[in-house]
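Okay, so chain A shows up in both of these, paired with chain B first and chain C after.
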Partner chain A sequence: MGQGRKPKMAVWKFASCDGCQLSLLDCEDELLKIADRVQIAHFLEASRAVVKGPYDLSLVEGSITTPSDAVRIQEVRRASKFLVTIGACATAGGIQALRNFQDVKEFISIVYARPEYIQTLNTSTPIADHVSVDFELQGCPIDKRQLVEVISAFLHGRKPNTLSHSVCVECKLRGNVCVMVAHGTPCLGPVTHAGCGAICPSYDRGCYGCFGPKETPNTSSLSRWWGRLGVGEQDLVRVFRGVNAFAEAFRKESEAHERQNDQDQ
Partner chain B sequence: MKDKTIKISNLARIEGEGALFVKIKGDAVVDVRLEIFEPPRFFEALLRGRAFGEAPDITARICGICPVAYQMSAVHAMENAFGVEVDGPLRALRRLIYCGEWIESHTLHVYLLHAPDYLGYADALRMAKDHPGIVERGLQLKKAGNEIIRLMGGREVHPINVRVGGFYKVPTKSELAPVAERLRWAREAALETVRWTATLPVPEFDQDYEFVGLRHPFEYPFNEGRLISNRGLNISVREYEDSFVEEQIPHSHALHSRFKNRGAYLVGPIARYSLNFDRLSPIAQEAARAAGLSAVCRNPFRSIVVRSVEILQACDEAIRIIDGYERPTRPAVPIRPRAGTGYGCTEAPRGILYHRYRVDDAGVIQEAKIVPPTSQNQKMIEDDLRRFVQANINLPKEKLGLQCEQTIRNYDPCISCATHFLRLHYDRE
Partner chain C sequence: MPILDRNSLDLLFDALKRRGFNLVGPTLHDGAIVYDALASTADLPVGWTDEQEGGRYRVKKRADEALFGYAVGPRSWKKFLFQPVQRLWQARREGEGFRIIPEEEKPPKWAFIGVRSCELHAIAIQDKVFISGPAPDSSYPTQRKDLFIIAVNCGQAGGTCFCVSMNTGPKATAGYDLVLTEVLEPARLAIGADRHYFVVEVGTDRGAEVLRDVPHTEATEQENAAAERVVEKTASQMGRTLDTTDIKNLLYRNFEHPRWDEVATRCLTCANCTMVCPTCFCSTVEDVTDLTGEHAERWRKWDSCFTMDFSYIHGGTVRSSVKSRYRQWMTHKLATWIDQFGTSGCVGCGRCITWCPVGIDITEEVRAIRETEK
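Take a look at the complex of A and B:
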């Protein structure tokens, strides 16, 4: 970074729950230190002071679901030197990407009495479908320690040190007994990206895939194991169709089970 | 007198995205609109066809600031559909995690979002330059709330441990002990917060609200109770839709809730407080009195003090729950799904949050309805704005604009929560 000038950081919101940007405000011990090192130039949830771009670092939360947001993300990209997407919405389309598997007109009419007032796209898509993204931080929500790591990596001009292995590895590191092997609890840990710290298995629950697919996940093999535990095709569709439903590996797996389910009926 | 238009295209320090538009002609306010341009996410539609057990995890994603509220209303509604009662220590643990969310969410609002208005700062980070001790206390108090959620729920945002019937895993007494230790500090910090917010300058702006909130026979309400108002409403949760209706209004671009027969009403801290002052713990009542509040608060600019009293209440309640805790023998009550409709309403930090689900005999959701607090308050926010601008019409435009923002922030509106708010037509200047 240039000497004497604090890098300018911006936080942008698209379709989302605000939880990932809240993770920044949840850094109770680090927040004031971060604010000493970067100029928070655009962060509407926290400040009414807005500094004009360009921005050195943009954190983008949320997915693209409306025509105007599809335009706005282009503006954000142009104003940003380094663009990081934070969370499942921004990296995979989020829970609202469930619409991608159905007729959005029907969705609108279920929620709104006057559908004609609604302006929305047929799909919820990740930021990388629209603009180039410099780094993607997965998770629903992101892990705040990883967020601090991404910001400090940026400040030091290095690559963020976020692990790419599965939740299983984190689970072993925590010394957990495997919930799937020992208790017969279906778990997405083997195919899910690390980062949460294996929270669900630590609470006697199977992983439900908040952090999205890890690199090269073997989802079909895991599905067969789930089948042996008595999980049916329709449930497997739901399992892979969660907050990361539109991430490619999970999408393909849920579609495979949907086809299987249709054939079975 | 000149005509003026106040237009704030991007409201800051609220959750989600909104804009404000006020039009003044001569000495009269002719138009007030709180505009919402948060894209719709269609939760009620995407819940159809999902398993009942998924409802707490999916609806948590409506809001990153109050996910526990969504999880609580969802599990209560499902248990209502299946005829299950969760009581004893499991019920107490639900109150405990809700205390954590109230502390975290209210403290975020009081210190980081709302207080800068009273002291003239753009944000809490700038406020911290002049008042480092105050902001640091706020952050540590917020952290105390988050620590409850982290232990009870696994993480602060979208906790994973809440399920229909109870929890996946319940803590031991010794796991809770350090949290209680920190809460004893937090209770003192909350008391300081009440004293400090009571010193903030507040405009005279008493309003004649109809307050709506839950009322429990002997507790300050979190999870259960009857829905009451100060004008005679007294219904069970399942009768909610008999009394209230949601409307889609083109000019306001959102579903507004109102009484079927009499218009706007107010939910949230000052409504809850004014309906339930007698249910506050002695320490909270005493602090409220010392801060100059009476048993009813009608000035929305004093909501910051009321929120602080509720932080104190939540700290005190959490300590009481932990001190009396005996670990239950099982983490959840067994659930056997059956076809039916279930109703749930709990007190989210911003006010009552209503869920209704119709499920089939396998427990698959056929229909879902969710009414978040912010869509219930939206009509009242606009009413407040209209009256506030009218009463202060001679203020310079910039100052009036700032005070309009503060009027909106009095409500701690959560636009992300409003699952079915519309995309609005608005021009970004």
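Take a look at the complex of A and C:
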């Protein structure tokens, strides 16, 4: 980026709950420093003032669920030099991707009085299914320290330190006692992407997988072990159908248990 | 040999505190026995024990008031000597260049209470890596410097222990200042009331000097024999065994054994085994800048050969398959370590078995390869 000119940053929202954008507002101390270093050119959650593109850095929250958003994301991509997706919606389709496992037309006809007014796609899909993405930051919501890290790394032209190994590593670095081994509490930590700092196990709960699949996740082995801890096939379907239900590794695992469950019936 | 009664152990702790030591040892925390700060013997897991199996650990009440009646827990002493996360230095931008701000590290004067024989061997192994190895560490020698060790001969073996196979226990033979054997004798055996005492062996002049501060008596022949029996019984109770015959060549010969594919279907590459292992020494370095770019820091964190980043070189990850990562881990522990440092990298503490979330068992994997070698 050119010397002297502050890089322009934009924040975009697609189908999402706004939680990840809130993480940015939640940065408080760092937010002033960010505003000092970048021109926040488009961030409707924070301000209605909008500066025209192109943008040096675009943060994209949310998934693609409507025909108009499928068009709008192309425009965002064209206007952005560097595009970063933030959160489970943008990186995996979010909780709204549960529709991908159902018949959307059917429930629209049940929920809405005039279904013909509803324009929606049959699926909720991650941004990377539509445009090329330069960097993905997983999490539901994303971790604000990781967000600051990604922005810092962008500003200084280096690779962000956002490791894709298991939550277990963070858990052990914190000195936690493993809830699965010591308490028998099912935990998704061994297949989940690090980044949260092992929050749930630190509070004696199993990991829910909100940061999505880690690198090389062995979900079937973990499922077999959960079975020994007393978790049934139907529950295994639900376990992998959370906010990252449509992330490939979790999707395949839940589908496998769905098939197994159907056979068992 | 000298003996201390149960209550004199607090006086021993006091003697160490007066000398400025920071006491750490086993304590009950979140359903496990972990090493943490100790104020007195009341902080020890008095009357508790553990049950250990592949992927399973539970604490349980004992019938007696033993202070050291359990095996090793998920934290090893490396947490103190080789810290999990550590800042190495900071840098500030100054004009066209930058200034390095080094980390000041003072020896913390650790006193480790209740170190087991396998752990003494593990500390000796890390000493070799971090102090006398080809690349001495910047921090470990400082943390290690004044370390005072009160070892304990194990009074019972854990379900995943195999120190007898690895020749590393259960009796401490070197590397301690003092070593205790805890003896509990119910009233019907002893004359009069229940007895609870520690037979002490002195390992160093420092140990002898501290012991002089604490009232003790000389053990009778019977008391010494009782201590011997404790260790013998433990040795006969090992939860696991591992046949180490020609183990290095066994693994080198079987680099393509189908068992590696089988274990890869179970291994989660979660890295728990390396995090809990008392000898694993790998770390990664992370450089961070702040938003202003005026300030940078270099941090070191424990790393593991189970991550993709570990073997990332320009263009990709060398060990991308699960099989290659598990094989690297086990072969390093049991074979290449011997070429590298002259000893096994495994001391038979059993932690990797207990704390593997899916109970993968290093002794079982070796057995499977040995028994089905073509």
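Assume the second predicted complex is superposed on the first by the 264 of 265 C-alpha atoms of A that agree within 3 Å, B and C clash if a C-alpha of one lies under 4 Å from a C-alpha of the other, contacts with A are read in each partner's own complex, and residues count from 1 in each chain.
What we mean here is this: a contact is a pair of C-beta atoms (placed from the backbone, for glycine too) under 8 Å apart; a residue touches a chain by one contact, two chains touch by 3 or more.
No experiment lies behind these values; they were computed from the predicted model shown.
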Next item on the list: Once the two structures are overlaid on chain A, check if chain B and chain C clash or fit side by side.
Entry: fit
Next item on the list: Name the chain, either chain B or chain C, that contacts more residues of chain A.
Entry: B
Note to self: For A:166, using the defined touch cut-off, is the partner it touches chain B, chain C, both, or neither? Pick first, second, both or neither.
What the structure shows: second
Check: Between the C-alpha centres of chain B and chain C, what angle is found at the C-alpha centre of chain A, to the nearest 10 degrees?
Finding: 110
Check: Where does A:155 make contact in the superposed view: on chain B (first), on chain C (second), on both, or on neither?
Finding: second
Check: A:236 contacts which: chain B (first), chain C (second), both, neither?
Finding: neither
Check: Just chain B (first), just chain C (second), both, or neither: which does A:204 touch?
Finding: both
Notebook entry, point to check: Where does A:131 make contact in the superposed view: on chain B (first), on chain C (second), on both, or on neither?
Noted result: neither
Margin query: Tell me the contact category for A:47 with respect to chain B and chain C: first, second, both or neither.
Written below: first
Next item on the list: State the minimum pairwise Cα distance, in Å, between chain B and chain C in the overlaid complexes.
Entry: 12
Check: In the superposed view, which residues of chain A touch chain B and also chain C?
Finding: 204
Item checked: chain C - residues contacting chain A, complex -> 29-32, 34, 55-59, 74-75, 79, 84-85, 265-272, 275-276, 286-293, 301-302, 304, 306-309, 320, 322, 354-355, 357-359
Checklist line | Complex contacts: residues of chain B adjacent to chain A | finding: 10-17, 38-46, 48, 50-51, 54, 57-58, 61-65, 67, 108, 112-113, 122-126, 128, 132, 135-136, 139-140, 142-143, 146, 154-158, 160-161, 167-169, 248, 250, 253, 255, 331, 405, 414, 416, 419-420, 422-423
Check: Given the complex with chain C, which residues does chain A contribute to the contact?
Finding: 30, 33-34, 36-37, 148-149, 151-153, 155-156, 158, 161, 163-166, 168-169, 172-173, 175-178, 180-184, 187, 189-191, 204, 215-218, 220-222, 224-225
Note to self: Give the list of chain A residues in touch with chain B in this complex.
What the structure shows: 13-23, 25-26, 28-29, 31-32, 35, 40, 44-50, 65-66, 69, 94-96, 98-99, 104, 106-108, 110-114, 117-120, 124, 140-141, 143-144, 196, 199-200, 202-205, 208, 210, 235, 238, 242-243
